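What follows is a single structure, written as structure tokens, with notes after it.
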Amino acid sequence: MFELLGIAPQALFGQLLLGLINGAFYAILSLGLAVIFGLLNVINFTHGAQYMMGAFGAWMLLNYVGIPFWGALVLAPIAVAAIGMVIERTLLRRLYHLDHLYGLLLTFGLALIIEGLFRRQYGSSGLPYNNPLPGGTNLGFMFLPNYRAFVVVFSLVICLVTWFVIERTKLGSYLRAATERPDLVQAFGIDVPRMITLTYGFGVGLAALAGVLAAPAYQVSPTMGSNLIIVVFAVVVIGGMGSIMGAIVTGFGLGLVEGLTKVFYPEASSTVIFVIMAIVLLVKPAGLFGTVK
Amino acid sequence: MTKAVLTVLRSAPISAAKGAPEENARPRSRQCNVDGWPNAREAPVAIADTVSDVPYIVEASGLTKEFKGFTAVKNVNLRIRRNTIHALIGPNGAGKTTCFNLITKFLEPTRGTIRLNGRDITRTKPADVARLGMVRSFQISATFGHLTVLENVRVALQRKLGTSFHFWASETSLDALNDRAMELLEEVGLSSYARHLAVELPYGRKRALEIATTLALDPEMLLLDEPTSGMGREDIARTADLIKRVSAQRTVLMVEHNLSVVADLSDTITVLARGEILTEGPYSEVSKNPQVVEAYMGTGHGHG
Amino acid sequence: QSPSAPLAVKIGVLNDQSGLYADLGGPGSVWAAKKAVSDFMATPAGKNLKVEVVFADHQNKADVGTAIARQWFDVDGVDVILDVPNSGVALAVNQVAKEKNKVFINSGAAASDLTGKACTPNTVHWTYDTWALANGTGKAITKNGGDTWFFITADYAFGHALERDTAAVVNANGGKVLGQVRVPLNNADFSSFLLQAQSSKAKVIGLANAGGDTINSIKQAAEYGIVEGGQKLAGLLIFLSDVNSLGLKTAQGLTLTEAWYWDMNDDNRAFAKEFAAANRGVHPTMVHAGVYSGTLHYLKAVAALGADKDGAAVVAKMKEIPTDDKLFGKGEIRADGRQIHPMYLFEVKKPSESKYPYDYYTLKATIPANEAFRPLSESECPLVKKS
Amino acid sequence: MAEALLKVDDLHGHYGESHVLHGMSFEVHPGEVVTLLGRNGAGKTTTMRAIMGLLRKRAGSIVYEGTETVGLQPNKIARLGIALCPEERGIFASLNVRENLLLPPVVKPGGLSVDEIHELFPRLHERRNSQGTKLSGGEQQMLAIARILRTGAKFLLLDEPTEGLAPVIVQHIGEIIRTLKTRGFTVLLVEQNFHFASTVADRHYVVEHGRVVDMVPNDKIAENAARLEAFLGV
Amino acid sequence: MSTSSAPAALPGTAARGGVGRVVFALVAIAVLLVAPLVVYPVFLMKVLCFALFACAFNLLLGYVGLLSFGHAMFFGGAGYICAHAVKVWGLSTELGILCGVLFAALLGLITGALAIRRLGIYFAMVTLALAQMFFFFCLQAKFTGGEDGLQGVPRRAVFGLIDITKDINLYYVVLAIFLIGFGIIYRTIHSPFGQVLKAIRENEPRAISLGYRVSQYKLLAFVLSAALAGLAGSTKAIVFQLASLTDVAWQMSGEVVLMTLVGGMGTVLGPVVGAGIIVTMQNYLAGFGEWVLVIQGLIFVLVVSVFRRGLVGELLALVNRQKPAAGGGGH
């Protein structure tokens, strides 16, 4: 068998598949962030905390109510989205007319509060959550855990549905227009405030969904979100801010690139995203799928 | 009236302070103009010595601009005679603003060359074009919103002081420009607004401010994109008057939909339609051209 | 000493109160210090002292840590600083303590440099260090047939140190290191690295990382069936709190080294019971126990000396009297500041074997005190060379 | 006289601290074309924004078809059948021309169809796939007018609709307004171009310093020329 | 000390406000001079370092409208260089600081040249990306000591004269550095250059059409800001005798954004106040243990919800409302 850079092609397949799986998390997280940023112009720093809340939601549902993973997959995002909508109504709403820096500061503050409360209650080293789909398939070149296979398929479906709703329906143009001139869109007879609340809720729900998906695979801990947020943010920027397709494709794509880096230069695997971001922005100012305004 | 004109034209605050107004019109060449500035350290970008030998200040030939499969400007040859007012008219979307953007280098032409004073500026940067003495205004009003009206004008005056990179110098050094700035504001009827922030001005006044800012550069060539749009009658009259006065020493290229202003002011008119030149000539000729009437003027326009 | 005016002692617990290391130290360490104080006050020697405990959060930032340490020493009259997890902060506080001639008793940090290159006459390192962990886990596993290793290492100094120390032990005991992969800190997904470890066919996968990274790698190893596939996981720096957050289902079978475990004798259990009652049912880690013992021993030394202002003198006294308390038993503090006690090799129980909360470990071996830590002969500590 | 479609009474408006409308009062009857004339900064645009609900700080009374709208959100007001073509056009950069055109939802039956609109403004059809703000200034103006004709709103607020348009298009818009009128639309128009206004309007209100100072029916312009001259500098 | 620089930096236009400002500046400096007698000097020095850092950052955000999300690279990078120069090369304190500043300026020139052509959030992201790469470099490079950092930087006498091993002496040195840095920033803001920067922030195409080569102005501002951030970082390395990864991590870039916003961006004193608040919070909330995060978060939420313009910004707005629009066109 020939070898590529010292790695057997079989192993390389395995690594690529892993990258794709990892990309699934990025995609779904960055999708939520892109929906919120692209459409509401809010840099949602709470996104990481909401992702964490999703994971904890699953844990709580299991441990306090006895609802298993599959139920949590529906209930936890709805609950977190509801909290998100309350936040939007009471706090974020008052900042739309300001520079998006203020939204950033507010959501950052909220993230600290949420994270702090969870740490206070559950400690910082995390909680166990069992794998709902144990076992796996041996693909020959690697062992593919069932749960990971589920994650990839499930997130692809979610991403495509979201993309369709936003890009291929009227809702998408309302949202994009409302980003630019909410007052004017409202003057056309659209209930912009409600639309924005629901959109924020939706974006937050996606974050929580990613959180639930993460619970069986990663550590369920209060810090799980804050470590990820900046990377996810980079994904959104590389994809082109506000571009739904961009977020999805870049999410999966960067998962792949990161996966390869983990093989060839593992030390740089968390930096590679930023290298790509710098290059992309210098060459294509509005990101891969973005349009310059 | 003439007195006022001269105040506008005199660019040296120092002579104003001395109270010794020069009674004759300011010499035309830019070199002399710069001399009027005691602090003029910023070297003007070199201009060919043959400046005034060229009858045309701007010569654009074969100008073409394509946007993703759409040609906004097609093979336009535009020559603008020195010290005239040249109007560019045409239906909406004809490519007038695009021509402006090309000439001032805010857009890169797909094909064609542009010469300013005989000098090829096809590859020059927009800021440098402005330094060569060709300054534009924008169609959608462009002011510095959170600067005061006075500061707006001063920013334009300031460049010639040559201290714009001096981060160690005091702002008060700019106060020397206040008198000159006030004169300019006076001219466009904005002196009572001097201390207001530009955002607070009503639309029409913003346009006036923009003209004052443009004039502050004392440009050799002025490009005005719809200078009177959004203005009330008095303002239109005042602005038209102003343009006429300043044009005595300068070349003006303007886009304007207000035909009475065009008729009143322009020496030459170029009519663009669908990116191409339809015809060119004085108002009397152009306005009789049936193609122009059909594509642009419409029947029986009153002069607004 | 005049019995009429008790000597005022101020103890400062400086650690991570809200971050990554809050569970293994954090508020629990403060409780442990206070407990040691009240236990000491109950003894006759306690009558001569008036002890106060303060605490602060260094947020895992060296500058915040040193700022607090300086202010405590300069302004607030703190005499001794305890705990300080996070090697970076610990090394910085180590310097300040020396500069101000106060006492620093570390329980939470892993850096063996504290008693090596960076040792000072003012510092005591109590509970564990990278050398001890590497030695405990590395030796036991290699001797039991786990003779080929692959490391998943956190790409940070402590990870490198753990890997280096363990590899040395493995090689010394006839084992072989087949490879390693350096992973950036706070990486959530280890599947790629686990796959590399898997394909290396090493018998043992050494996890030279900590906290969330360790938890994630173990969790995902279970997902990918690594242990079922016949490879063994060795956690080189794992605390009871980590095992708790992993859950036994995932953590079972893991081999690890600790300096102290709550369920080993009645004294420990009594301590744990009280600790749990005060800390939402959480059980103490070895770091908590180390803070308790360190505080107690410090107070003994101060009481014996009758003074607490000269830190070096107090530490000299601490080294002079043998350590003895109900949690760590009898021991000593070496010239380099290393507190010496046995280390223990544990295996994590299966869920079915666990009978009550925090019933997590089975004792596999005890490493006697004289073998548990880096021998003085190998020490780079200048204090040792002089003596 | 018929019941007023829109009745504005003692309307006050503020931008932050500054008081801009000082008791505007006027009315518009069904099927009328009424203009607001006045100098720059008189408060014409502000009045339009107040009617549409875009000016938050407003007090007084604006009654449309018997409904008091002060206190209603803009979307509710729009649903009553009022539509605004704003002064700065408000074309959306993130939408292409077609999307811009189709953006406002239909609020009432009886609006123009897309085909009719393309007939009125062929240019918009040609440029339908380009980004909204890449249109020329005049094209944007057309788009801004066109998109509210689709919605079926019966009461149109046009803020300087002829600004920046070629004379031939201005004429065209005049025709459109007259057509709309015959179709039963009512128009409140803000214009600087007095000549144009006089070709379409039934009545003119003169606005000065945030209040109505005069009203001139279109057929009485000649008699009132001197007064208008004083107010507007015509 | 350098009290003389403050009055000179005041603009002559607003004569009445000018007197107020001189008085204010004098009072402020007097307070700073006696402060270490009341407050712990190391704490004060930390505040001053971060205040200078925030001011440098605000020069870019508040006056050019560029949000850099990578300023930690200048702050922390200069800290490393300064620490290394003093500890390993054995340079004197002032030369070490100079090395740090020069390095930051150079790094600013390189990264600035790359980033400056991007606007808004894209600019922020390019700077973030470059800073992350720099972080990676610091993590991998041998001389930085990994997460243990460069420890034990000696405090050598400044100019061979001032013994800075005593905190109180060092405090006055740091105060002088801060005042110089602050003076440079204040002067820059109120200079002809600053005026152009404001114009660019307001309307870039218009500034270009007036003949300003915009990128050059932005780049100079960027380099100035980077150099001053480097000054702050180098000074901090001397004060704490260490340089560590925390100072180059993205969280540090985030922290300086917070300081600026809490204090009030685009105000001269805002960043100083913001830095004071946040550093105080870090130091004094340290005793609140687990509640630190929650309290910090609440403060940010409160600032955004109630003091939108930042504390100083709100204060100024309040004062302005008290005496509306003083003085018309007279000059």
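A few remarks follow.
We call the chains A, B, C, D and E, going by the order they appear; numbering starts again at 1 in every chain.
The criterion applied here is as follows: contacts are C-beta pairs under 8 Å (C-beta built on N, C-alpha and C of every residue); 3 or more make two chains touch, one makes a residue touch a chain.
Chain labels with UniProt names: A = Putative branched-chain amino acid transport permease; B, D = ABC-type branched-chain amino acid transport ATPase component; E = Putative ABC transporter, permease protein.
Just so it is clear, the model here is predicted, and its values are computed rather than measured.
Common neighbours of subunit A and subunit E under the contact definition above: C.
On a Cα centroid basis, the chain most remote from subunit D in this structure is C. Ranked by how far their CA centres sit from the centre of subunit B, the chains are topped by C.
Annotation: 38 Å between the Cα-based centres of subunit C and subunit E.
For the pair subunit C and subunit D, the distance between mean C-alpha positions equals 75 Å. One inter-chain figure worth recording: subunit D and subunit E are separated by 50 Å, centre to centre, where each centre is the mean of the chain's CA atoms. As a whole-number value, the distance joining the C-alpha centres of subunit A and subunit D reads 44 Å.
Within subunit A, residues 116, 119, 267-268, 271 each touch two or more of the remaining chains.
Counting only residues that touch two or more partner chains, subunit E has 290-293. Within subunit D, not a single residue touches two or more of the remaining chains.
Contact annotation for chain pairs lists A-C, A-D, A-E, B-D, B-E, C-E, with touch applied as defined. Interface residues of subunit E, counted against subunit B in their complex, comprise 8-9, 11-13, 184, 187-188, 190-196, 198-199, 202-203, 205-214, 216-217, 220, 224, 325, 327-329, 331. Across the interface of their complex, subunit C is touched by residues 11, 14-15, 18-19, 21-22, 25, 116, 119, 123-131, 134, 136, 142-143, 145, 147-148, 214, 216-221, 223-224, 227-228, 259, 262-263, 266-271 of subunit A. Residues of subunit E touching subunit A in their complex: 67, 114, 117-118, 121-122, 125-126, 128-130, 132-133, 135-136, 140, 250, 254, 257-258, 261-262, 265, 290-301, 303-305, 308.
Note for the complex: subunit B touches subunit D at residues 67, 70, 89-98, 139-140, 200-205, 226, 229-235, 237, 257, 259, 294-299, 301-304. Within the complex, the subunit C residues that touch subunit A are 18-24, 26, 155, 181-184, 186-189, 191-193, 195-196, 198-199, 211-212, 215-216, 219-220, 222-225, 229, 239, 241-242, 244-247, 249-250, 282.
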